[in-house]
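In structure tokens below, several structures.
Here come two complexes built around subunit A, the first alongside subunit B, the second alongside subunit C.
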Partner chain A sequence: MKELFPLKQVMGFVFSLVLTAVALLVHFMDMSFAIGLTVLLITAFMQAGLQLIVFMHAGETGDKKTIYTNVFYGLLIALMTIFGTLLILVWDM
Partner chain B sequence: MEFFKQFAVPHPSFLIYGAMVSIGLAMLAIVVGITYFKKWGYLWREWITTVDHKRIGIMYLLTALLMLFRGGVDAIMMRYQLSMPENTFLDSQHYNEVFTTHGIVMILFMAMPFITFFFNYLIPLQIGARDVAFPRLNALSFWLFFMGMGLFNLSFIIGGSPDAGWTSYFPLANNEFSPTVGTNYYMIAIQIAGIGTLISGINFITTILKMRAPGMSLMKMPMFTWSAFIANVIVVFAFPVLTVLLAMGTMDRLFGTNFFTTDNGGMDMLWANLFWVWGHPEVYILILPAFGLYSEIISTFARRNLYGYKSMVASMVVISVFSFIVWTHHFFTMGQGALTNSIFSITTMAIAIPTGVKIFNWLFTLWKGKIVFTTPMLYSVLFIPLFTLGGVTGVMLAMSAADYQYHNTMFLVAHFHNVIIPGVVYAMIAGLTFYWPKMFGFMLNERIGKWTAWIMSIGFLLSFMPMYITGLDGQARRMSTYSEAAGFSMLNMVSFVGAGIMAISFVLLVYNIYYSIRYASRDIGSDPWDARSLEWATHTPVPEYNFAVIPEVASTQAFWDTKKNGHELFKGKIEKIHMPNNSGWPFIMACFFFVFGFAMVFSIWPVVIVTLIGILVCMAYRSFEKDHGRYISVKEIEETEAKLRGAKK
Partner chain C sequence: MKVDNSLPLEYSTEENSLKILGFWIFLGAEIMLFATLFAVYFTLENRIGNGPSGAEIFEITPVLFETFLLLTSSFVIGLGIHAMRLGNKKATMVFFSITLLLGAGFLGFEIYEFVHYIHIGATLQTSAFTAALLTTLGTHGLHVILGLFWGLFILIQIKKRGLTPETANKSFIFSLYWHFLDIVWIFIFSFIYLKGMM
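Coming up: the complex of A and B.
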């Protein structure tokens, strides 16, 4: 029975619900903009990672290395683009 | 009445009417010709529905050559307009349209399909695979690209061409300053073609990662495949930016959103920013496969293995990251602070380091090589000094303080043509000459080929060297005319002569194809250049299944080892081969995209909705379709192999 019960997936599902609830708090509670956005960013990235690893099975096949390289490369490019754009158009304008 | 007015060309001239008539006549001639020779069935069965990577590749090639002609005509028109002061050949609106379409056609509809042709034709052959990972998607990529190209070229005769520059910066590109449908064409045609490119990027990455022959680890791949891999990684990460950007631009123009407006919280500079977030990686998408081709050609004709394989790969990986952090150098003068400009200045100069590593690797490959001066090799050897000249002026432009002097002048125009023509165009023609016998079973004439290379180089130098000087003297780009007092006339006339000489070299290239079809020997075997990698290990012409037996590889130049060092390439025995079926659905779906795009350009909403449903139906059909492909039997393979080995019946 123990082998049949998808413990990891159920835990993952519960955890993703918790993350959603935490993100919702930003709407219902009176937070400052900075705190609210920090909470949203952290929960969003954790949520994305959770989906990728638990529900989309990244890391469970022989492609593990390729998939993670790809994810980190994508993250790197995205962060460089976002911070570069902020630098150009907001911080140093 | 208002509705029909938008279909008229806003700024008609004798040239446009002439083009309309000639396009109409050419279409008519094609339709009548195909009907007369009863080729419709052949066209449908063998080409339109094909999923064979080699045939799709050749269709990309034909499109690229056609667009090279079109973009070239644009270039000659511009050079003629500027060859004399106060020239009235093109008025300013027409000139705007010509330089805009010249840029887009040359980058997106000539250079991109040309490299995609090499990806398609060579990647599966070089890694010892039978097709790409997703053959049906590959056909869809081609047809989406083709329809985007068609839609873009239609703008010339229906509604007017885009006229806001190939960069199409806002606010110039908004409805107020660009009131014709031209910029709508830009947004939607490039969107459709771009989706095709994105799909093929994913396709090639998967092919390279999953379908390599046994024994071919990543570090044993031929250098062209490596460069194609890196270029496609950049495609997959850069093109989504373009997709989003064009979608935002479309919404601004058609639905009144405020992404790039100057009021209501819009930010017009965001367009320039995002455009170059895509645009700079795009130039590396073009140049890396060109570098890959040079690596193949130089090592083949220096008769040595490529010097510094690992550093070649490392420099490309570094470029794949660096190409994403230099984009601001396209708009140093936009108004951001010195800190930003300094950072991007340094990253830009840093990217010259991996490129320099590659240049030195080619030089060291040539060093002590037994060099054979064939036409492809001549292009490669001409490439090294000419490209380096462009690289050096690139470093000059990278200095953000000095860039205020160069920005938007002919100096810049000379620089980027100086890297793109010897970098990309030479590589394409060299690669075309190099792989021609593999594709068509005969070689292009060497004598005419060498004349072409020299004439092209002379024409190139005459066209673009004067622009460096006039640029430094202050001639702005994209200006349709200048006064005699400016003193640019002499050098611009030289430039026009150079452009004419380049046109002659293109005519020679076409003549060479004609001449070789008529006179070249067909008895050349499957390895006429004495080359090194797997694509030469199969027969010429390449059978549909590429390799009867999947090759086994132990080094970066498996075929050379087979010839010289006793490596055994084909160990297994012939088994039945699984191949994908042809399908007309990619073409049909792309046709829906074409009509959808046209209706979007002119805001004909009922047609937009109907064609959108058509696209979704095509996708749904594909999802539920049962198509398990087909098998080629052992007997059939053995017959083909015997015939290709030259057995007489």
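Coming up: the complex of A and C.
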């Protein structure tokens, strides 16, 4: 039975619950918008990285480099799209 | 077919490795799909017209249940893949079944949420904000619905054919998809709900 619950994944799950709890502080505690958003950015991207490395086995095979290049490229374009849109349409720059 | 026994079953042929890599590239496109939805949402979130704002309609309780169910299902499917690598067919099927049940639970809460929104007058036509919100949540929800059927069919295949290089490969690719949906949900949870209620 024990072999079915590898420590790495159990720890990954516990850590993801902790990150969720930290993110929730934003809702239950009184903090400024800037601090709250910083907390959310950190916890969300840490969660995503955790999933990628622990659960999606992104770095396990010879395709490691290609997979990470692909993910980072996707992320880069995603952030450019989102912040580019905000720059033009919301922040009016 | 050349089978490399030093690798896990799902990678054991060249075709299998290429399929996994191909799916990662598909996920890159999925990142972009959700990025455009987030861009739309962030642009329109304050355009509420005569409708309600996010702070008025978001409720923390169903969102917490949804988050917990999806996080747990993502963990359990990870255990399923681990069991698959150990060659334990029964445990793999049990973990995959639990994953799908948790996914169905998530979907139940999301459907409740949608019915609730429409009930209180936050429909797709109410304002730019509600349109962007429901489109973003709905796209994620549709992915989960698709995933439930996909997972169910894979479960049936494992039951019928056992853990072969083919079924293992399909299961692994499905697990990538499921984890990806969890990642998208984390961003929805953080930057739509929690940010909206701040």
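Assume the second predicted complex is superposed on the first by the 87 of 93 C-alpha atoms of A that agree within 3 Å, B and C clash if a C-alpha of one lies under 4 Å from a C-alpha of the other, contacts with A are read in each partner's own complex, and residues count from 1 in each chain.
Everything below uses one rule, namely that a residue touches a chain if its C-beta (ideal position, glycine included) is under 8 Å from a C-beta of that chain, and two chains touch if they have at least 3 such contacts.
Because the structure is predicted, anything quoted here is derived from the model rather than measured.
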Report clash or fit for the pair subunit B and subunit C bound to subunit A in the combined superposed model. clash
Per the contact definition in the header, classify A:21: touching subunit B only (first), subunit C only (second), both, or neither. neither
Touching partner for A:87 - first (subunit B), second (subunit C), both, neither: first
Under the stated touch criterion, which partner chain does A:11 make contact with: subunit B (first), subunit C (second), both, or neither? neither
Could you look at A:29 and tell me whether it touches subunit B, subunit C, both or neither (first, second, both, neither)? neither
Specify the partner with more touching residues on subunit A, choosing between subunit B and subunit C. C
Would you check which partner chain A:77 touches, where first means subunit B only, second means subunit C only, and both and neither mean what they say? both
Let me test your reading of the model: by the given contact rule, A:66 touches which partner, first (subunit B), second (subunit C), both or neither? both
Could you tell me if A:47 is touching subunit B, subunit C, both of them or neither one (first, second, both, neither)? second
When the complexes are fitted on the C-alpha atoms of A, one of 254-262, 290-298 or 452-460 in subunit B overlaps subunit C. Which is it? 254-262
Considering each complex separately, which residues of subunit A are in contact with subunit B in the first and with subunit C in the second? 63, 66, 73-74, 77, 81, 84-85, 89
Give the list of subunit A residues in touch with subunit B in this complex. 63, 66, 73-74, 76-77, 80-81, 84-85, 87-89, 92-93
Seen from subunit C, its contact residues with subunit A in the complex are 7, 11, 17, 20-21, 24-25, 27-29, 31-32, 34-36, 38-40, 42-43, 60, 64, 67-68, 71-72, 74-75, 77-79, 81-83, 86, 88, 91, 175-176, 179-180, 182-183, 186-187, 189-191, 194-195, 197-198
Which residues of subunit A touch subunit C in the complex? 3-6, 9, 12-13, 16-17, 20, 23-24, 26-27, 33, 36-37, 40-41, 43-44, 47-48, 51-52, 54-57, 61-63, 66-67, 70-71, 73-75, 77-79, 81-82, 84-86, 89-90
Touching residues (chain side subunit B, partner subunit A) in the complex: 209, 233, 237, 241, 267, 269-270, 273-274, 277, 321, 324-325, 327-328, 334-337, 339-340, 343
